[in-house]
Structure formats: structure tokens, C-alpha cells
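Note that chain A is present in both complexes that follow, paired respectively with chain B and with chain C.
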Partner chain A sequence: MSAEGDLLHTVTADDISENRKRLGKLMVWGAALLCAGLALWQMAFETGRVSSGFDNWRPVLYAYMLWATVLCAAQVMIRGEAGKRSLFVLPAALFVISLVIFPLLFALYISFTDWNLASADGPKPNGWDNMVQMWNDQFYWNALKNMVYYVLAVSVEYVIAFGLALLLNAQIRARKFFRVVFLLPLMLSPVAVSWMIGKSMLEVRFGPISRVVRELGFEPSFFGTPEIARFMIMAMDAWTFIPFMMIMLLAGLQALPREVIEASKVDGATGWQSFREVIFPLMLPVSVTAIVIRIIFKLKLADVIINVTSGGPGGATDSVTSFIFREYRDRSNVGYGTLLAMVYLVLIIIFVTLLLKLVSRWMERPA
Partner chain B sequence: MTDTAVFKDHDADRAVRVKWWASRFAIYSALIIWAIICLFPIYWTLTTSFKLAPDVMRGNMVPWWDYTPRWKGWESLGLSPRLIGEVSTVREEFFKRFWNSAIVATSASLLAVILGSLAAYGLSRFNYRFGFMRNSDISFFFLSQMILPPVVLALPFLVLYRSLDLLDSQIGLILLYTLMVLPIVIWIMRDQFQGIPVELEEAALVDGLGIWGAFIQIVLPIALPGMVAAFILSLVLCWNEYFFAALLSSTNATTLPVMVASQTGSQGINWWSMAALSSAAILPLIVVAIFLEKYIIKGMAAGAVK
Partner chain C sequence: MKTGLYNYIRAAQKMNRRQMLKGTAAVGAAAMLPKGAAMADGHGNIRAEILKIPGVGAGSPTDSDWQKVGEMCLGATKENVAEGEFEGVELTFMGLNNQNLHNFLFRGFLKPWEAYTGAKINWIDLAQADYNARLQQSIATGTVDFDIIEMGAPFEGDVLGKGLASEMPDWVKEQIDMDDYVDYLKAPVGTWDGKTYRVSIDGDCHSFAYRKDYFGPDGIGGAEVPTTWQEINQVSKDLVGKEDPLTGLPAHGYLDPLKGWGGFGFYFLENRAAAYAKHPNSPAWLFDPETMTPMVNNPAWVQAIQDVMDLIEAGAYPADQINADPGTTAFQQFLAGTGSMLMWWGDVGSSARTSDTSVVGDVVGFGINPASDRVYNAQAGAWEDTRNEAPNMAYIGWGVYVMATVEGDEKKKKAAWSAAAHLGGKDLSLWASAYPSGFQPYRNSHFQFEEWEEAGYDRAFIEDYLGSNADSYNHPNAAIEPRIPGIFQYYSVAEDELAKGYAGQYGSAQETADAIAAAWEEITNQIGRDSQIAIYRASLGL
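Coming up: the complex of A and B.
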């Protein structure tokens, strides 16, 4: 038995008759057969082998849900108390498996087909054609390159967030007021932010920021050149998500042992020294958690880009997600879009795994 | 400052005083600058919703000072004092979207909190073996869903929902949103349950409750604040979700962000009506942030500090 935290151990004498076990198994298999039978029948109907069938696949879904319920109930019937224990995790596990694993397998299939939802034909398997197309798709590689820039921007966000957390942790008045105000941007939907900032405050003629820039003697153009446009997207995204990192870091700061910091003061450390030698090293685990989670969120970045620049100018601000979104919206190209998404998923998994490995090795190293 | 001056008649001691004031000044100016950065866009949106075209062009900022607030923007949503009694199709449209957002976000968060709390409790209390997977593997399986980018699921779900006739339905969105926030809920709740001493349940079991009885009667009331935190965090995430809603809904189940986005797309949109729409979309969450800030912070801090 592995020791994973504080476990609750129960000993129960279950006396389950053979008949009850058999009935439970029978129920599970019956429901599974019903579900599979319905699915086969519906598939035969869609391919034209059977003349009668349902309008859609709903009944199959209901049969699947019945099977899932029966499976949960059967746990108790077959395994008694142990079954009751597994009922805690089973619903969530079934939910995630049926909503992730199954669609992922399906996605794997459609990513190797030529399937345009706008045309009447169904999916046509086309082997490695999508892969070849992706290899030659400059815009996709460009979007991947942009993702690297976007992820790197996290480091700047981290510095600002850490600074704000230190400020909030200092001896200040009206701490609650500032905390609420600093939290507000996180509450706003990225879509509203893209109008509020991207479309109105940065509007070239009347936006308040444009006015300030013009007062300073420059001609405002926020989404004209690739570099500035990308920076603007980063800034808007940072504006919404800095509070997220800030709060995690603030929680970390408040959990620091006071004695250590006081001891460093007694030893004569200045403010900067005690930050660099004591606070920062103690905050490393929290910092790493915050950064990793922020990077994971960053990899999903799309809403602001879709609504403000639609990837322009010339794909300079495109993230992978917004690029695939347009691939589907403009061309209804499901097959190719899915392949791009699957490749992105593989890249993300490799990247995050490497990141976690690197982090854990780096954290274990004696400082 | 720990080394506070005791005597005021020495230069070195007076310097400490000056340094203290300088650091106060620096801290408060930094706080105020960032507060302005956070608040200005919200202020701008709220005030713009009461402006007319000339006010926008002239760049007037302060209501009653350099322009007179008008209800024009809110009239285009049918939400001004003059129009509130009358029948308005725009207002009905807006409330339909609002209602969709509310239903989808609340049900998805509720479902995620129920499923997630159960799973988190199980994982923090019992030993499981699903095939080769042990507790830590199962936890990792749940948490690893966090890195799944929405775009990977979006297109398969589009096709699946079309054949299941769930496209453009609230249920479809609820299922996906639940999936999206479930890892976060499990992350928060696992931390909560690990903080509850296992002796409580042992006492309850000795007193004759079953496992589920102990969970519902003893553990749940203690873990309730954590569940509220997880619920509110999920609510915020679901309310703001745009990507799935834009792809998977067209007329019936469209949520508020999609409505806002569809308005921004059209060129030459009236600033004041757009500002009113944006304000209406963000106001509920600003209220949530102000009154339930404690829970939001608790939720986000839960995973950070072990």
C-alpha cells in the first residue's frame, strides 16, 4: 500500500451472494450490449443498409448514459463497500473519459481525412495529405512562432505580478480596496476587454490612448506594424491575467514564516538583500506553480486575437488557436483544422512535460 | 522600520525619517498608478455608454464636467428609464443572451463542483487501483486535462454534436464547460479535503455512519467554503468563455460574450451602444468581484501554497 497522505482505512465484512454478483454483471453487460446494438443499428441506417432508424444519434447517447449509470450502480452490487468507495471517483472519471478520450480518438480519425463541412460529402480519408499541407503552411509555422513570443511574455508578467504582490503585502492602508481593484481585470471577459481596450481605447481617431500618443508627438498606429500589434495583444492579455499570478504570489508571501525574515533583518540585511537572499528563494515553489499554470493558460490564448486583430497584420498576431478558428470559420475545413489542432496538442504535451521535468530537477538540486 | 530613530536630534536619525517617508511615497504612488491602469478601461467604458457622438469625438472624459450624460447608449439596449416600461425586441434579445449565459455558467459550475468534490474527496481518502493507475496517477489524469487546449476538442465536438443534435443547445455547452473547469475544481477541492483531519470521519464511522453518510454529514459542511470558492471561480471562467460558445452555438444558445463579439465585428457600430453592451456584460462580474472577492482569492490561493 502506497502512502499518499492521510488515508481513511475501513474494514468491512461484506457478504455478497453469488447471485447478486451475477445480476450486477448481467446488468452492466446488458446495458453495454444495448448501447452497442443501437450504435451499430444507427450506423447501418446511416450507411443505407437498414431502411428504418432514428433521426440522429441521441438514442445512442441515452443508451450510453444508461450504461454509465448501471456501471456505477453495479459497483455497489458486485463489490459492496469497496464499490461504494469507488463511487466517489467513478462519475468524474467516466465523465472525463467519455468527453475527452472518445472525442480525441475521433479527432485522430478526422485529422487524416479531407472533410469540408460546407460540402455535402462526408469525410474522405486522404492519408498524409493534410500533414504535407501543414508542412508547407507558412501561416501555421508563423502562428507557432508567435506562441513562443507569447509564452516568453509570461516572464515580464511575472515580474510585474511579483512587484504588485510585494506592494500588497507591505504595510499599507486600504489594502482590501487595492486588492479588489487589482483583481477586477481578471473578472472581465476577454471579449469585453477586446472591445474596451482594443477597439475603443486604442481606436486611432478618438481613443484616449491615441490622443495621449498624439500629444506626445507620434502618429498612433497600434495594429499597423507586426511588432507593435503583437505587443498590444500581449499587453491586453497581461492586463487581464496579471491579477491571477499576483494573487497566487500574494498567497505565497502571506504564508512565509515571519521569523526567517525578521532574523534576516536582525542580521542586518537591507530590504533588497532580504528580498534577494530570503524572500525570493522561499517563494520559488509558489513562483514555479504560478508560472507553469500561467503558461498553460497562455497556450490557449485566442479570444482577444480573434476579436481585435483576427490575426493581422499578415498573421503577425496569430496564435495557433485563433488561426485554426479562422481555418474553420472561413473555410469550414474540419479535417485540416483538426490535424493542426492535434499537432499542436502533441507539441504542447511535449513542451509541458519537458517543462515539468526541468522544473522538478531544478527544484531538487540543493541550493 | 525596525531600527526606528530614538533621538530626534541627530542627522542620521532624521535621515531615517526621510527614508521612511520616501518609501511610503513610492509604495503608494505605485499602488495608485496600477489602480488607475486597472480602473481606467472600466471607467472609460461606463462613461462612454452615456456619451453622444460629439462627446466621443471631442474626447470628453468627465461626466457633468465636460459633457452631459445621455441615455442614448442604454436606449439601444432598451434599458433606459424612458424605454423600460415599453416592449423592446433588443432588450428581449439581450436578456435572452444574459439568461443563456447565467444558466450555462451556473449549471456547469454546479455540475463541476459536485463531480469534482466527490472525486477529490475519494482521491484524498482512499486507495484506488484502476488497472495500472494508482491514486497519484488518477489525480494526474484529472489535472492533466488542464493543458488540453480547447481547439483540440472544438472541431470533434462540432461534428459529434451535429450528429447528436446538441449543436446550439444549452446542454451541449454545459457539458463542455464542466469539462473545462473540472480540473481546476479538483485541484482546489483536493487541497481543501487534505486539510480536514481524517479523525473526524473515523469518529463518525465508529458512531455508525457509513462512508457516504460521514462524507455528507461531517465533511461537506466543513469543506463548504472551499466549495463556494471553487464554484465562484468556475462561474467566472464559464461566464467569460467565448471560444466554444462561438463555434457551437448560432441562434438559440448564444451566450453574452458571443453577442458582444458579433457586435464588435460590424464596422461603424455606435460607440455608445457598444459601450452600453460591454458594460452590461461586465457589470455582473464586477459586482461578484467586489462582494465575493474573499472566495475568489481563497480559490486561487488554494493550489498555490502547499
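Coming up: the complex of A and C.
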């Protein structure tokens, strides 16, 4: 047994022969070559460069799986005990690469092709054409503008959620009952919410809310003008997800050290002062987490819009996702639709990274 | 003789066992008669009997009714398929679930067929708006995972043109009696390169439905029912501020759907545009057949868009109409008593009388697509002041197609075609056109008014309703839809641009139309202009 290295975590002596190491490497490279060779051959077949090939890409997939298995086995052959440890992670890493990285690369390729499903020619690489089209696409920019409104609405949701969390944290009667009731909207699928509320309760003629509005002497119209339609979408989405923020904030409130709050009361702080000077600052980390997660949810907003307004009137309620959905699904415009999704992904990554950076800078400030 | 059959006949004829045994000899003798003679009487009886299920005015039919009808219409299947012949065969059927019809009916109709043949059917149910995408993705990615599909003729370019369907065997043609189809559903519809692929289960055209209580000597809409789009717009404007005679709520005129419906909403602008744009001198009214240049921004189409914008401006629509898709205008508005005029497929007619949610059954009248006082001659580039009628054959009707996935397995192929033939059977289709089903009459035999009268329909109502369909089908200037690949992509992008136009985001109807035309040009370039021109010309018979 070696007297050096990681003695604490080593349970067996590794005396690996050079031949075994060579065999392990040979197996890995052999399987990799087989996989790459099959992939290149199939690609040549699909592009018409060779006359024989497989009916589909499944054999290439099998070769990849063989390579992955061999790679795992070779870890033990080459590195012994240390290789066994890496087996705890390697299969999961390979799985992620297969299902995330590869599709992402494939999507990147598709997004620079002209691929309409109705076209008999299949995908045709078209350089930067899709990007130019996006630059001139008013529907896309309009949807991005709407996303700004939708994301800004999170601040209002946060205020309401904080208020509700404070209420449910107070010593009120039937507190447990209200906690469950307030969580109910979160348990509903947004699709169900769009039908139950958007298409039924807000239905102009029969909807109970419309009837109440009519009884009050107004003519109900919930989706007739851009502003009101956008507000209604925000309201339905908020109704579903405010409980999510509320429950996070409530958990934060319950974890606050009671001594600090009680000390502020002893010092004569009013309720408002106690909230502003003690509770709110202490809740900042939880608040930021809740807001960031909620913004990420919001950036994916689509289901309510698709079901209730289809993006109308005139694109006023369109989100980027609902627009991409229409471009991709109704118009089978796979190449362009994928490019829009990729650009949106990049925008989201930049936005969330900046947001987290700003937040961390803000949080580091002395209170 | 089976116990079930014995019980059925005994119940029907009040026979006892002794009489029954006597009768079997006669049944045996009857079996020796030529097939046609034996069918004639039983066929007529079945038609009358199925129309009594559940009976007009007895509420919406249910699954047990569909199964009963399916059972009673199995005769044609039994002539070509032995009992249990398809034991072990599994088929996948892809269709729609609109208004809980379509696939829901097919399940009921095919349940007795499954029990008799031994085959099993798996179902893929799709919402209308999801249909196009699902089909296109299956085609483009080579993942056709269904053996039978309910499909409209507009998709024939996508499916038949790519060799994805199975050619109809001759025995099926005989079983479903294709000669009985109305003329416009015969070839070339349902065929590709001279081969037949389609079992029609529906005939489509948009017809005009109106509320009779709005019109007449004391009618709030005027003495006469409007027959032109110019009159319709005028009446719709004049009705603003009046009260609906049936519901007491605000009265409204024509109901244009202003929200998209996965591409299907564009048909409703087409209704208006057909009268202006479909000149009798050419079958082309959507694209120039020489160049595929869109005609959607010519003065005729612009007038149609302007008509809608005028009614929005006048406040003639119900509140929130901007968020009303075609399904809303028909089922939540017109049938429920809101609005007085509508263009829709023929099933609004049968639903008006037989659907539980309809309140207008006694006051609904029908006509063909309204005319126009003037028509645009695209070839001459000028308006002509002559009256023009052009019924819109929107969607050309649903059909059942068997996919090429069954080729190579004769048993499976026969099973798939037998199921399709059962759904497209002559008798079963009569029931489907008489009750809520999502389908409208499409055979000459569907227009025998006495059969409908016997079923409990009011003769005047049915002559009015069926007459509007027949007049549209047989109209010499019918506007027929092109069967070109990606047709719903054109419609879908048009819906988006129209939505912007209706919301006031474009300066004028012309700007809206120009935006649609530009988007259509892009789609044509993307799919391939030359191939689109060739298929478009073929579909127009040029």
C-alpha cells in the first residue's frame, strides 16, 4: 500500500499493471472510434456521399452507449480505486451530456437552418438569415417588450405575497386553515386556471364575474383592450404564483430570531419601525431568492396566454414563449422558431446573471 | 343463430320461440336471394331506425347511442369481414376531440366493430388547434405513429403527395358507395396521381345561419334577410343599441371571429372575401396561379378586411369580440342567443335543433354565403358592378385515410380499411349528418328530406338547412380551397397579422393585407415556389 496520497479515503491497494492500463485506454479509444466512425458514416449516407447506411441513427446511439459503458469500465481498469469513485458521478454526467448538451448543440445547428416542416427538402443551412429575420420581426420585439411588463409585475406580486405572509405569520384565528387555502391556487395547473377563470368566470356573457360587473352597471370586457387584457393575464398568473412567493417568505419569517424582534419592541419600536428596520432587512436574502425564482418562472409564461388570448389583441399579451409556440407549432417554422428560442435563452442567461450579480453586490453592502 | 340476435328479433317482432324456429327457414331462404334485393328493404329500415336514436328533441346523443348506431350499421362490414377475422390486430387512430365529438363518436361507432372483428383500436385525441402541428411533425420527422387518420383534404398535398397513405382497395369503394358523394367531393379530391385514398365522412362548406326573429315585418333587423355583405354590414350597424328579441340582451348583427384558431380562423375572412374576390372567370382567388404571388392584398381582400374594421369601429360586435375565436362565435354566441348572423360549417344547423346548449333551434334560418354587389376581376384589375355569389368550400370536409404503415401486413391493412369504411358507411353517415357529430351532409342520399322529416325534423327547417348546403355544393362559382402543402401556415400567419390589424396596429386595411401578403411570400419561398405553383395549379385543375 502506498504511503503517500489520499490515505484517508483509500481502502485497497492499487497495483495496476501497465498492460491493464493500456488495455483500458485501448478499449476507450476503440469504442470512441467506433462511435465516431459510425456517426461519420451515417452522416455521409444521409448527405448522399456514400450509398449504403442505416435506416436511422439508432446504431450510432448504441455505439455511444457502448462507448459510455466502456469509458466507465475503463476508469476502474486504468485508475483502480480512484476510478471506482468516479463511477459515482460519471454515468450521471454522461446522461446529462446526452440529454442536455447534445440536444443544445443540435438546436444550435437547427437555428441556423431554413427548416419548414412542409418543405420537402428538410433543413437547409441559411447562415445569418434567421437572425436578420428576427431583427426585423416586430412580433418578436413586441413579445420581448411584453416580457418587461410581465417581469415588472413581479414587484407587485412580491408586495402582496409579503403582506399575506405577514398575516399568516401573525397570531390570527384559523391560521392553519388559511395557510392551506392560500396555497390552493399554486396547486392548480395554469391550464386549468386559464379555462376556469379566463374562459369561464371571465366569459363575457355567462361568466359570474361578468354578471357581477353587469349588475354594477358596467359592460364587462376583460380582454378587449391591450392594457386590460395584459393586466388580466398578469392577474391570473399572479393569482397562481403569489402563494409560491408567500410560502417562501412565510418560511423566512418563521425562521427569524425572535429575540431580535422582541428586542426592538422593548426598545419601543412601533410595528412599522420594527418591520422596516428589523424584519425587512433580515428577510432580504429570502426575498431575493423568492423574487429571482419567480422571475425565472415568469420568463417561461405561456400557458395562460395561449389558452386565453392566443397573444391578442394584436399581440398585446404575447410572451416570447407563446410567440415561439405559435411560430413553431402553427407555422411549422422549425429553424426560425429554434433560433428565437436560442436567442431568448441567451438573453435569459445574461439577464439572470446580471440580476444575481447586482443582488449579491447589494446584499454585501453594510446595512 | 346467436342468442343475442334471437333476442333482438324476438323483441322487435314479438316472436315466441316456436315462431322463431319457423322463421329461420324463411331467413335461410332469404339468404339465397341476390344480395342487393335482400339489402334494399333492410337498408331502408336501418336508415329509419338509426335516425330515431335518440330522436330529435331528445337531447344530445350519448356514447350508448353512438354504439347502438355503430352496431346497427355493421351490415356492410359483415359482408366483407368474417367474425373475429382481425383477432390480434391493433390499430392506432389519430383524430380530433372538438366539442367532445369526432373521436368520441368514432369510439362509439367502432366499439361494435371491434367486438365483431376482434381488432383493437388505440386512440390519439387532438385539439383542433394542435392538429396541424402534430401532423406536420409526424411527417417531417418520419414518425407516423398512427395507422388511420381523420384528416381534411387541405392536408392531402402534405400526406398523399409524400406517399404516406395506403391506396384504397376496390372492395372499400364498393362498400362505401362512392358514387353517392356530391360532385365536388369526387376526384380529384381524395385522389393523388389518379389513385384514391380518402373515405369521406364530411362535406364542408360554410353556409349562412341567421335568426329569423330578427327579420320580417316587425323584425329589428329589417323586413328582409340580408343577402349581400354590404347589407349585412348595414344591418349590423343599425342593430347597435337595440334589444335581442329572444334573450333581452343587446342585439347584434353578424358575428365575425376576430381571434385566431390555429389557422382555421382565416376561413371566416375568406367568407367575406370570396364574394368580392372569387370571379367566375378563374378558380384562383388566393394566389396567382402563374407566380404564387398572393392575391390577399388586392382590392377585393382589402374590402373584406375593411368590412370587419368598419364593424369594429361602429361597435357592432359583442363585448370582447377581439377575443372570440370561431368556436366562441358559433357555440357560445350564436347558438346561445347572442348575435343574429353567422357563417359556419353545416353542423351549426343540426346542433341548433339537437344540442342541449342551443336556444335558437326554433328561430334559425339558413342560406348560402352572402353575395356582393360588385366583384373584383383580378385579371382585368378592376371592379365590376355585377352581383357575385361564391360559397366558400372551407376545408372541403373531413375524411378518413389509412396510412402506409399498414402496407406489408395484409390482415392489418384490411382491418384498417374496414374500420375506415365503417365510419364512412352510407347509413352511418346519414345519422352523423342528422345529429351533433361535427360533420355535415356530403352524399346525394343525405338530401332525401323525407328521411329527416321521419326522424322528427321539421320539414321547412330541414329543407332550409339542407338546401343551403346543397346550393353551396352545387354552386358553379364555388370557392374551392387549394390542397397545397403548408396551407395552414399561410392561414396561421394571416391570423396573426389580422389580429394586429383589428387591434388598430396597422394604419389601414391595405397595410394589414400587405403584411399578410409579405408573410405569405416568405412561406412560399421557404417551402419552394416551383413545387407550390405546380401543386396549386393541379389542385385548381389548371
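Note that the second predicted complex is superposed on the first by the 348 of 367 C-alpha atoms of A that agree within 3 Å, B and C clash if a C-alpha of one lies under 4 Å from a C-alpha of the other, contacts with A are read in each partner's own complex, and residues count from 1 in each chain.
Basically, contacts are C-beta pairs under 8 Å (C-beta built on N, C-alpha and C of every residue); 3 or more make two chains touch, one makes a residue touch a chain.
This structure is a prediction, so every number in the text was calculated from the model and none was measured.
When the two complexes are overlaid on their common chain A, residue A:164 makes contact with chain B while staying clear of chain C. By the touch criterion stated above, A:26 is placed in contact with neither chain B nor chain C.
Comparing chain B with chain C, more residues of chain A are touched by B.
Of the two partner chains placed around the shared chain by superposition, chain B is the only one that A:88 touches, whereas chain C remains out of contact. Contacts of A:348 after superposition: chain B is touched, whereas chain C is not reached. In the superposition on chain A, A:309 contacts chain C only, with no contact to chain B.
When both complexes are overlaid on chain A, the residue A:221 reaches chain C alone and has no touch with chain B.
By the document's definition of touching, neither partner reaches A:44: not chain B, not chain C. Once the two complexes are overlaid on the shared chain, A:229 sits against chain C while remaining clear of chain B. In the superposition on chain A, the residues of chain A touched by chain B in one structure and by chain C in the other are 117, 205-206, 328, 334.
The touching residues of chain C, when paired with chain A in their complex, are 129-130, 132-133, 136-137, 139-140, 158, 162, 249, 258-260, 262-263, 318-323, 325, 332-333, 336, 338, 485-486, 488-489, 492-493, 496, 499-505, 523, 526-528, 531. On chain A, the positions that touch chain B within their shared complex are 1-2, 4-8, 10, 55-58, 61, 81, 84-89, 91-93, 95-96, 99-100, 103-104, 106-107, 110, 117, 163-164, 167, 170, 172, 176, 178-197, 199-201, 205-206, 208, 211, 239, 244, 247-252, 255, 262, 265-266, 285-286, 289-290, 293, 296, 299-300, 302-303, 306-307, 320-321, 324-325, 328, 334, 337-338, 341-342, 344-345, 348-349, 352. Every residue of chain B that touches chain A in the complex is listed here, in rising order: 2, 27-28, 30-31, 34-35, 37-39, 41-42, 44-45, 48, 56-57, 59, 61, 115-116, 118-119, 121-128, 130, 134-136, 138, 141-142, 145-160, 163-165, 175-176, 178-179, 182, 186, 194, 197-198, 201-202, 205, 210-212, 215, 236, 239-240, 242-243, 246-247, 256-258, 260-261, 264-265, 271, 274-275, 278, 281-282, 285-286, 288-290, 293, 296-297, 300-301, 303-306. Against chain C, the residues of chain A that register as touching in their complex are 114, 116-122, 139, 203-206, 219-224, 226, 229, 308-316, 326, 328-334.
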